[in-house]
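The structures considered in this document are given below.
The two complexes that follow have chain A in common; it is paired with chain B in the first and with chain C in the second.
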Partner chain A sequence: MLEVKDLMVFYENAIAINNINLTCRQGGVTGIFGANSAGKSTLMYTISGIILDVKKKEEMKGGERITVLGRISFEGVDITHMKPSERAKKGIVLCPERRRIFPESSTLENLKIGGYLATKAQAKETMDYVFTIFPQLKNLKKREGGFLSGGEQQMLAIGRALMAQPKLLLLDEPLLGLSPLMEAMLARAIHEINLQTKITILISEQYARPILPIVHYGYVLENGGAVLEGTSRELMENPDVKSAYFGL
Partner chain B sequence: MPNEQLTSRERRRERLDRGIKVRTEGLYALSSWKEMFYLLAPRIVLILGLLVAPFLLDMYWQRVLCAAGIYALLALSFDFLAAYVGLVCLGGSFFIGSGAYISGLLNAKMGWAPFLTIPIATVVGAIVSTLVLLPCLRLRGIYFAITSFMFPLLTVNVIIALNIFGGTEGISALATYPNPWVDQYLILSVVIVSLFTLRRLVNEDMGLILRSIKDNDQAVKASGISILSYKIKAVFIASLIGCFGGAYLSHLYGWVGISQFSLDFSILPIAATVMGGMGTLVGPVIGALILTPLSEALRGFGQLRVVLYCLILIGFIVYKPEGLMNYLQRKYHQFEHWEDV
Partner chain C sequence: MDILIYGTVNSVIFALVAVGFTLVYGVSRLPNFAHGALYVLVGFLTWSLVNDFKVFYPLAILISLGISALLGALIYRLILIRLRGLPTSEIIASFAVGLIILEGLRLQGIGGFKGFIGPFYVLPAFIDSKLRIAGVLIDAQRLILIGGGLCVVAALWLFTHYTKTGLSLRAIAQDEQAAMMLGIDSDRAAVISLSIGSALAGLAAVIILPLGNVTAEAGYRVLINALAVCIIGGLGSWAGAVLASFVLGFAMIISTALFGSVWESVVLVGAIILILIFRPSGLLGKQKELEERV
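Then we have the complex of A and B:
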């Protein structure tokens, strides 16, 4: 479904992503694991196209020069140079790191903003669906986004991304800064979303333990390169992964 | 490298610091004449250029140079406040006006000579400006900009309504400078001195605190530093520079009036800062030295002058928002080449 080939991203002279090849299977959950500075977020930005926007802004103010090389294709179409808004229309929707919900809009408004690309019927249906997988949000419909707790904000962010009718959902560190209980709950929710809606999910995470069981195929990044890849089981049994990500 | 065929086609533009730049960072710069020259050349060009300029110009353009110097001072103080303290001050004309009125009054009412009135007006004007801005210092961003923008308008109307300080007529027949050379070298030397003083200041500890106030004032508070007192100091320094411009202006024209509170003194320095590059300090000075003569040269176009002027500004904001100076600095320090990936 999504195919990334020989992707390289430079921030000025520093290499952020080094020759990454990655595929997302239709209907699967693909995981990207790595420590800080491994290049997870850059990879997400590159796939969703946000990096082109950042690149333009940096060029305008004469800051860092960002170079993107390689090819990204989605459903057989080359999207390497496509604008982020076009990619969202094609169904690549990013749920950004640290949530980035609209703090001054209420929960309901946040979801409606997310549903800009959906038809009325789709939006209504998806909104009902969001409230069934995240029942906690039901009581907070009128609450401003900025006053939600971290976990509730993350649910809202995922819900907002779902409202855009994604075919490929990019989740950038969805468990960042959450309690273990909340982590488990969200991991379960993500698993359910994948099972029930058949949306392909690409998920990046530092802390692999709660995510690894729901992932079908995973990649481990280190300093911008993919050092390891395999199915969930292969990764779990790999001694390096065990010591690095499970602390065993 | 894997995938030889594919990678050999792909290239990227690499930007590297010149070796001499790397070598001249720190004390090592003093190790050879070439490296000292590399560091000093741009500064010498600026200083010599400013000092030689009066000899190359005729009477009319010498006057323009003096005006450009005043705008340069204002642009310098605007840039210092906006880029290093985070206070976008649109009240540049308040600095000019208060400096001008104080020195004008001292000269007209007390009969003091310019060499006395200018320093007094600079310091007293700066104190007055700081006191006036003091209540707004807790504001940030656009709110500070709006309130500081109001003070010149307010003062003009107070002067007109109460008919004080000569009312709409202003105060005329002030002492002027003995000859045009004093005019020009006074303002040029002050521009150079304040430019290099500010540059030193922002790289000292105080500048570090000011910049961090701009970045995250809560973190500065948490470090046990009173941000209000630092903001006061910064505003005082900026208004010193501005008030000097005003005091100088009053003796340049031998006249003080409400037009010294006009919008020009607030807006043109901002334009100069945008053109020259925010946060470079030298950029705004160069911007003012370009824009002021430019607006004079375009005077022949009549009303179209403003249009051309606006077009130039829009062009800069859209195509080179980093400003002239940032661009030139980059070209001076770095070179680019294509590199195979």
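Then we have the complex of A and C:
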């Protein structure tokens, strides 16, 4: 469904993504694991196209020169140079790191904004679905996004991304900064979303333990390159992964 | 009582002039310095349509507003789109467009065009009558102005809270990239906000201009008023713009009543200076650093 070939991203002369090849299978959950600065977020921004916007702004400011090489194709179409909003229309929706909820809009409005690409019927159906998987949000409909707790914001961010009717949902560090209880709850919710809606998911995380069990196939990133890949089981049994990402 | 009524009228004038400017800036961070020029242009267009082409007055207004909205979209599509992210260039370019429009209106001699110069251009009032409210004589146009101002603010509020396009504009205003991830195109949002902003400048013109005559010089004053309101209210804050309009509107009327009308502009500029010293982000402006606290 998604195919990334020989992807390289440079910030000036520093390499952020080094020759990554990656595929996401239809209906599967693919994981990307790696420490801080391994290139997870850059990869997510490159797949969703946001990096092109950053690049344009930096060029206007005369700031950092960003170079993207390689090829990204989605459902057989080359999308390497496509605008982020066009990619969203094709079904690639990013739920960004640190959530980036619209702070001055209420929970309900955040979801409505998420439904920008959806038809009325789709929006209504998805909103009901979001409230079924995240019943906690029901009582917070009128609360402004900026006043929600981290966990609530993360649920809202996932809900908001679902409203955009994604075919491929990109989750960038959805568990960042949450309590273990919330981590487990969200991991379960992500698993359920994948099972119930059949949406393909690409998820990146620093801390692999809560996520690895729900992932079908995973990649381990280090300094911008993919050093390891394999099925969930293969990764779990790998001694290096165990020591590095499970803290065992 | 005089002060209350005429202060309100004056405040609504400020609000009408500023609301379009603040909408564009709030959504797209584009300072539209052609705002005043579009205001004057709509005044002259309407006048010309009514007097030269004998178009029915309300229809003339609608046509001029349409042209203004189209111009706003063109300004973005042709010019500002190349400059996004360069604030100084955005200001210079949009001000240049404003200059071309304003000075173009005064141009004489091309194709028999006499130029809009002198005090001959007056738009008719919607209803020409005067009435007395609580002992104060007031003409109907000023009441229509207050009503119109309220309608504009209410319509904008409903638009940005309950329609898909309006919500998408607010999304872009709050976090442009997060909005893009959900499929909202920022160029499209900028075009929409600039057309609405330009149409609002025109709407302000047709509501306000029947109170006096139409002159090209008014364009500069309108721009300065809009800027003053936006700086005092907090750039891009809609509630702030409305609040600042009332602060400025009343401050000017009160100072005129107490010290004479020479002090009007002193109050305007003084208010800007005071705000910049004591609350640089404006009355209701949010300092960006606060958002990073999480």
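Assume the second predicted complex is superposed on the first by the 248 of 248 C-alpha atoms of A that agree within 3 Å, B and C clash if a C-alpha of one lies under 4 Å from a C-alpha of the other, contacts with A are read in each partner's own complex, and residues count from 1 in each chain.
By our rule, a contact is a pair of C-beta atoms (placed from the backbone, for glycine too) under 8 Å apart; a residue touches a chain by one contact, two chains touch by 3 or more.
Everything numeric in this text was worked out from a predicted model, so none of it was measured.
By the touch criterion stated above, A:P84 is placed in contact with chain C alone, chain B being left untouched. Legend: residue contacts after superposition of the two complexes on their common chain; A:S48 is shown touching chain C, with no touch to chain B. When the shared chain is aligned, no partner comes close enough to touch A:Y129: not chain B, not chain C.
In the superposed pair of complexes, A:Y207 makes contact with neither chain B nor chain C. Using the contact criterion defined above for the overlaid structures, shared-chain residue A:L94 touches chain C, although it does not reach chain B. Once the two structures are overlaid, the count of chain A residues touched is higher for C than for its counterpart among chain B and chain C. Touch criterion met: A:M8 reaches chain B, while chain C stays clear of it. Touch criterion met: A:M60 reaches chain B and chain C at once.
Annotation: chain A residues 60-61 touch chain B in one complex and chain C in the other.
Chain contact summary for the complex, chain B toward chain A: residues 2-3, 6-7, 10, 12-16, 320-322, 326-327, 330, 341. Across the complex, chain A is touched by residues 83-86, 161, 164, 167-168, 170-171, 174-186, 188, 291, 294 of chain C. Across the complex, chain A meets chain B through its residues 6, 8, 10, 12-13, 19, 60-63, 65, 67, 69.
Per the touch definition, chain A reaches chain C in the complex via residues 48-50, 53-54, 56-57, 60-61, 83-86, 88-89, 93-96, 98, 100-105, 109, 112-117, 146, 150, 160-161, 163-164.
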